[in-house]
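Chain nomenclature is as follows: A, B, C, D and E, assigned in order of appearance, with residue numbering initiated at 1 for each chain independently.
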Amino acid sequence: MLINCVAYEHGRKLADIGTDQIAHWLKEPEAFVWVALLDPSAEELAQMQREFGLHELAVEDALKGHQRPKIEEYGDMVFVVMHLVEPADDDLAVGEVAVFVGKNFILSARSRSRHGFLGVRERCEREPLLLERGSGFVLYALMDAVVDRYFPVIDLLEAELEGIEEQIFAAGAARGNIERLYDLKHRSAVLRHAVAPLLEMLNKLHGGRVPPVFASTQEYFRDVHDHLARINGSIDTIRDTIGTAIQVNLSMVAIEESETNKRLAAWAAIFAVSTAMAGIWGMNFEVMPELKWRYGYPAALGAIVIAGLVLYRRFRKVGWL
Amino acid sequence: MLINCVAYEHGRKLADIGTDQIAHWLKEPEAFVWVALLDPSAEELAQMQREFGLHELAVEDALKGHQRPKIEEYGDMVFVVMHLVEPADDDLAVGEVAVFVGKNFILSARSRSRHGFLGVRERCEREPLLLERGSGFVLYALMDAVVDRYFPVIDLLEAELEGIEEQIFAAGAARGNIERLYDLKHRSAVLRHAVAPLLEMLNKLHGGRVPPVFASTQEYFRDVHDHLARINGSIDTIRDTIGTAIQVNLSMVAIEESETNKRLAAWAAIFAVSTAMAGIWGMNFEVMPELKWRYGYPAALGAIVIAGLVLYRRFRKVGWL
Amino acid sequence: MLINCVAYEHGRKLADIGTDQIAHWLKEPEAFVWVALLDPSAEELAQMQREFGLHELAVEDALKGHQRPKIEEYGDMVFVVMHLVEPADDDLAVGEVAVFVGKNFILSARSRSRHGFLGVRERCEREPLLLERGSGFVLYALMDAVVDRYFPVIDLLEAELEGIEEQIFAAGAARGNIERLYDLKHRSAVLRHAVAPLLEMLNKLHGGRVPPVFASTQEYFRDVHDHLARINGSIDTIRDTIGTAIQVNLSMVAIEESETNKRLAAWAAIFAVSTAMAGIWGMNFEVMPELKWRYGYPAALGAIVIAGLVLYRRFRKVGWL
Amino acid sequence: MLINCVAYEHGRKLADIGTDQIAHWLKEPEAFVWVALLDPSAEELAQMQREFGLHELAVEDALKGHQRPKIEEYGDMVFVVMHLVEPADDDLAVGEVAVFVGKNFILSARSRSRHGFLGVRERCEREPLLLERGSGFVLYALMDAVVDRYFPVIDLLEAELEGIEEQIFAAGAARGNIERLYDLKHRSAVLRHAVAPLLEMLNKLHGGRVPPVFASTQEYFRDVHDHLARINGSIDTIRDTIGTAIQVNLSMVAIEESETNKRLAAWAAIFAVSTAMAGIWGMNFEVMPELKWRYGYPAALGAIVIAGLVLYRRFRKVGWL
Amino acid sequence: MLINCVAYEHGRKLADIGTDQIAHWLKEPEAFVWVALLDPSAEELAQMQREFGLHELAVEDALKGHQRPKIEEYGDMVFVVMHLVEPADDDLAVGEVAVFVGKNFILSARSRSRHGFLGVRERCEREPLLLERGSGFVLYALMDAVVDRYFPVIDLLEAELEGIEEQIFAAGAARGNIERLYDLKHRSAVLRHAVAPLLEMLNKLHGGRVPPVFASTQEYFRDVHDHLARINGSIDTIRDTIGTAIQVNLSMVAIEESETNKRLAAWAAIFAVSTAMAGIWGMNFEVMPELKWRYGYPAALGAIVIAGLVLYRRFRKVGWL
């Protein structure tokens, strides 16, 4: 579905144009065309391929989707794939945007995501001095918008992790903790798959040799790079902390069990002594003088209770009760 | 066993030829010969060695098999080994294909695998504009077919992992989970041995200096590289998740045991108290007034039951029962 | 908030100047201006941006804060971000300082930290031969001060770790140990986030090509690099030791539990034997000759005690009691 | 001890020569001398040092032994150390061979190993076209023989690992498994010490710049490199699998213990109920009507047995028995 | 404290000189001065700084100590720091030696270590042909001596590890093992801090560009490099083995506990059955015919013993007893 198709010159919007006018505008040496598609059909992409001379392998990637984030050069054209990560219920939803950038055009094809880039277009149109740098700057603006949307996801994961950490030394929380940690590990892997490959490839757009269309935007892409490095660092920390938390959780289960065992053992001992004493006075020997005593029974009860109390206090002292 | 032996020129099939005609066609400057062997014998390979001037070390690898995936240059010839991975019963079957590529020939020798490459030949013959690029493009088409067959294997492993994940927090599933995780780890290692070495070596065929026969197919090999990187990323994720799942499974065993222990301890306490009380009234003291009471026995039973109920409710409250 | 604004020439302070005089002094070829801001407002930074011609992306980073430590070149200007790490209660407080360095100016903007850099200015003014090297040397002096403040933090973490290590084989300390280890792991991650990215980037300021303003200070930045490498090595050791200590702690819980279990089992056995013996003499068979013996009861008690003692000594011998 | 000393020219053996004739043959521009020593004494090595002009550091390494595998250049001479790994009882025996290669000589010094290289010499003498390439080819032949002997060792380790894997989910095998896994880890480390350093250094002999004596044998050393990479990959897999198997074994111990605990607990419950019921009917209340019933005793026994059976079936149902 | 101050020329000692004569000897183009200090004071180092023109940052490092091992160039001077590791009681004592090397001088400053380098000086003076290479060779001789002293430390750690390994499958050794493993891990970290940074930096002194003073000693430094690589490999193996041993030890605790539990459970079952049987014959039913039998009591005892024996044999058979 076509969202927009606009011609720009010297940083200013000239006109909304039809896709049939693209060929005309591509002949203007100073102008560039910016097209935005949503969930494009094979036919729409085939038309764009003809208009802009896109490489078949790049078009295939944009059509099929489910690509790894990447930045590829085809001659003097650049093809970029980014993941769009959004919180959804208890999981992360992953969409995708494929961007084709040439000297005088930029085409974005967004899939499986509700969030559009209208704000990006508005921001660009408000800053003609920057937009004047051409299609390379538009790619930066799109990329910056995509990457900025990773920050709330990271915040969400960090908040979830902190929530787990508050419970990690609490009694009886082990089962819930381990389930949440496992789930969080999965979500951090989803975000990492969006961030790490892009981070790895972004130095193609700044520093050293870059495609000509990005000659004047290197500081901007380095800034995106820096944002990605921060996010990646946070993901690494989250993943490392999850690993430690899983180990700590196992230790807490073992410690709790060991404490429970001691408490049980103490009570078991108290009752075992009672039962043994009662058993002794339940023996049928004929000559057991205390059985005849007037206060033999209360004395026996007292002895049992005292034995129990003595044990109770000793166990209390060593911290088992 | 010879499967095919065909001469091509300008992207079109000229003729099925006999192996004795190969030398004749190799003299045509614009033509190339494409030979496909299945489980080749030493004699067949020796004949091909003479026809195409293959290096003895490469021929030895093709004959012996069980090679690591690799891409090697011998002068202006390229030798490629790939693993063919197919699901088989509960395991993965691993076959192998060795490919020799020269300026005007390509020879594939497939071993220990049922799946052939007839589809590849048909696809190539349907696209003369691409096939015109020569034997380098045929290698791409073969490699693309091999790598595309890794995707269903990855899907299988991921489905198996998801199946385990559904059970991982279930009671009593620990033994089955650990067996399936161990087995899945093994299968992911088999696929990794097919993918990782090839991924590592594929940059010999695109980017920077490449052998002359691949001058016009660099984007295509980069696309294969990208597919391999995606598969490798998925394998890494599977392996990492298996590691976490093994740890989580151990934690679940510990948590379940700890819950079982508490339940048992609670019942043990209830019966220990009953036994101790019964033991006390079973003592043989002469003066135990309650033994003479008319309703002494039901009262004792009641006391025992009440003690049991009180304990039961307390254990219930703290979640042990 | 403006802390200082001073002009220097040939390593000596010329005058405290107003921010409106900066433009005047920037025209002096031999002089440089050193400005220090604390928690700067957007307006203050905008003014500095105009005076020194700072890049908008760098100014944005300085204003927003919460950056990853980094060293970036913007044309012939260098932008540096460092973390200021200070012990605070039971955690580490992290502030930030952003530094802009040009040929004839240096501007530092400190945020969220109480510790200033007045000592750095005094040290520089005391050593005119070094200060003569210009704004590059001032950056070194600032960086050296920041990095030197990491050492007491490392000492703190190492002391905490040693404190835990003294307890790690002590009975009953497992719960406290694991809580302290988890907390220490978190703090070591905070310090690592300050150190590792800076370490990685510092070779931009010494060795090989460096920005012209740092041409004469390379040995100094290499010394900072060396300090960071030492700190990073210590962090790695702390983190590695924490990992081992967590594993050891889990082992100690298991060992302690196993010892406790043996002790309990021994006592349980002693009482089980007593109870079984008492139960036997509590049976109601008519013909049980020993029940009629005069000293049957004391003999039975003796038998029970002896059985208990025999068991006690055997358990003692095998180390269970 | 001198094993052989032979002069070759144009790929053919000329004569067995005495060590005193070496200097004579070194003057022949087309010939080369191949000397093989076994457990050489300091004197023998000193003589060789004089004959061939060997560097003192290389001679020292050959004499002292216990070196890390390596490939070093001394001027236009190359010095190679390889480990000879052989199965021995339950461990791996590690010998060593040091090889000195110059333009017109090759000297091998083997230590602490029974397996010689006579087969290598025979193979070389059977293939004059290859041997014609000179001392570089002889090094290849030696290295190929050493590396080929690593394959049966890997097969042995893999067979041992598979043997353990068959037991890993078996009841009661945990102790044996862990002992065998620990031992296998040790042996895999021994083999890795032979393979990994050599793999790392082998690119000195093929690809890019190589010493002149190896100019015509690059494909051969790449083949050795490929063999080493395969072995190293197998070692990595073995080590990784051992790590997983140790974790799985621990899980199996925990799972088995948990199953045992449940079985025990079930039987304990059945007997606790019996004992409590018998205890109640063993109380001495005067008014316990059922005690007077004619069939009171069999009824009580029946009640006890039925209670036991009911419990038994419930435990059976939940899988504890 | 000054240990030695000697002038050398053409590989031979000329004279012991006073520190006031250094300036004189530095003017001799063919000579070099070798000074050795022990625990030098600030004054001594300041004097040396004036005599040899040392850089203030290097002098500061030598004075402060506690540096990371390193090799730094200051103009055409080289500054080296090495750790001196010696066994001390149950720990490793770490001293330090800082070495300044110029074209015609070498100055070593040793701290916190009892072992001197007199042997190195004697060895150098015995080999004038090597000493003729100048101050670069003296650095090699010092470094070789330092590194050779790491070997007995590694032997000590390996012996300790083997001692633990002999106990690792022994009953009841878990607590001692884990304490020794933790301690050994710490000591291996100390040695690694001496070795790893030096290994990383040593390629500054051989291969590719080296400082002019080391032009003729490259093979010698490569030999030191090789020794360090061997030591580092051994440390890696020790650390890896410790990690596995900790896991194995935990498994052994679990296995032993599981075996103990089974033994206990078996005895508990035997006594529970005895107690239940005795309890039944202790019930007070009026009609319990066997109570009246003449041999009822011995028969009951026999039944109890037989039940116990039957259980005993079954438990024996399944390996629980």
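Here is the rule we go by: a contact is a pair of C-beta atoms (placed from the backbone, for glycine too) under 8 Å apart; a residue touches a chain by one contact, two chains touch by 3 or more.
Heads up on the chains, UniProt names are A, B, C, D, E = Magnesium transport protein CorA.
Because the structure is predicted, anything quoted here is derived from the model rather than measured.
Engineer: Steps needed, at minimum, to get from chain B to chain D via touching chains?
Structural biologist: The fewest steps needed to get from chain B to chain D is 1.
Engineer: Touching both chain B and chain C: give me those chains, sorted by label.
Structural biologist: Both chain B and chain C are touched by A, going by the contact rule given at the top.
Engineer: Can you work out the rotation angle that lays chain A over chain B using Cα coordinates, in steps of 5 degrees?
Structural biologist: Between chain A and chain B the superposing rotation measures out at 70 degrees.
Engineer: Roughly how far is chain A from chain E, going centre to centre by Cα mean, in whole Å?
Structural biologist: Inter-chain centre distance comes to 40 Å.
Engineer: Hey, how far is the Cα centre of chain C from the one of chain E, in Å?
Structural biologist: Each chain reduced to its C-alpha mean, chain C and chain E end up 25 Å apart.
Engineer: On chain B, where are the residues touching two or more other chains?
Structural biologist: 247, 250, 254, 257, 261, 268, 272, 275, 279, 282-284, 288
Engineer: What's the contact topology between the chains, one of line, ring, star, complete, other?
Structural biologist: Shape = ring; chains linked end to end, path closes on itself.
Engineer: Going by the defined touches, start at chain A, step to chain B, and keep going round the ring. Which chains appear, in sequence?
Structural biologist: From chain A, continuing first to chain B, the chains appear as A, B, D, E, C.
Engineer: Mind listing the chain E positions that touch chain D in their complex?
Structural biologist: 168-169, 219-220, 222-223, 226, 229-230, 233, 237, 240-241, 244-245, 247-248, 250-252, 254-255, 257-258, 261-262, 265, 268-269, 272-273, 275-276, 279-280, 282-288, 319
Engineer: Enumerate the contact residues on chain A facing chain B in the complex.
Structural biologist: Residue list for chain A touching chain B: 55, 57, 67-68, 70, 72, 74, 172, 174-175, 178-179, 181-182, 185-186, 189, 193, 197, 243, 246-247, 249-250, 253-254, 256-257, 260-261, 264, 267-268, 271-272, 274-275, 278-279, 281-284, 288, 290-297, 300-301, 304.
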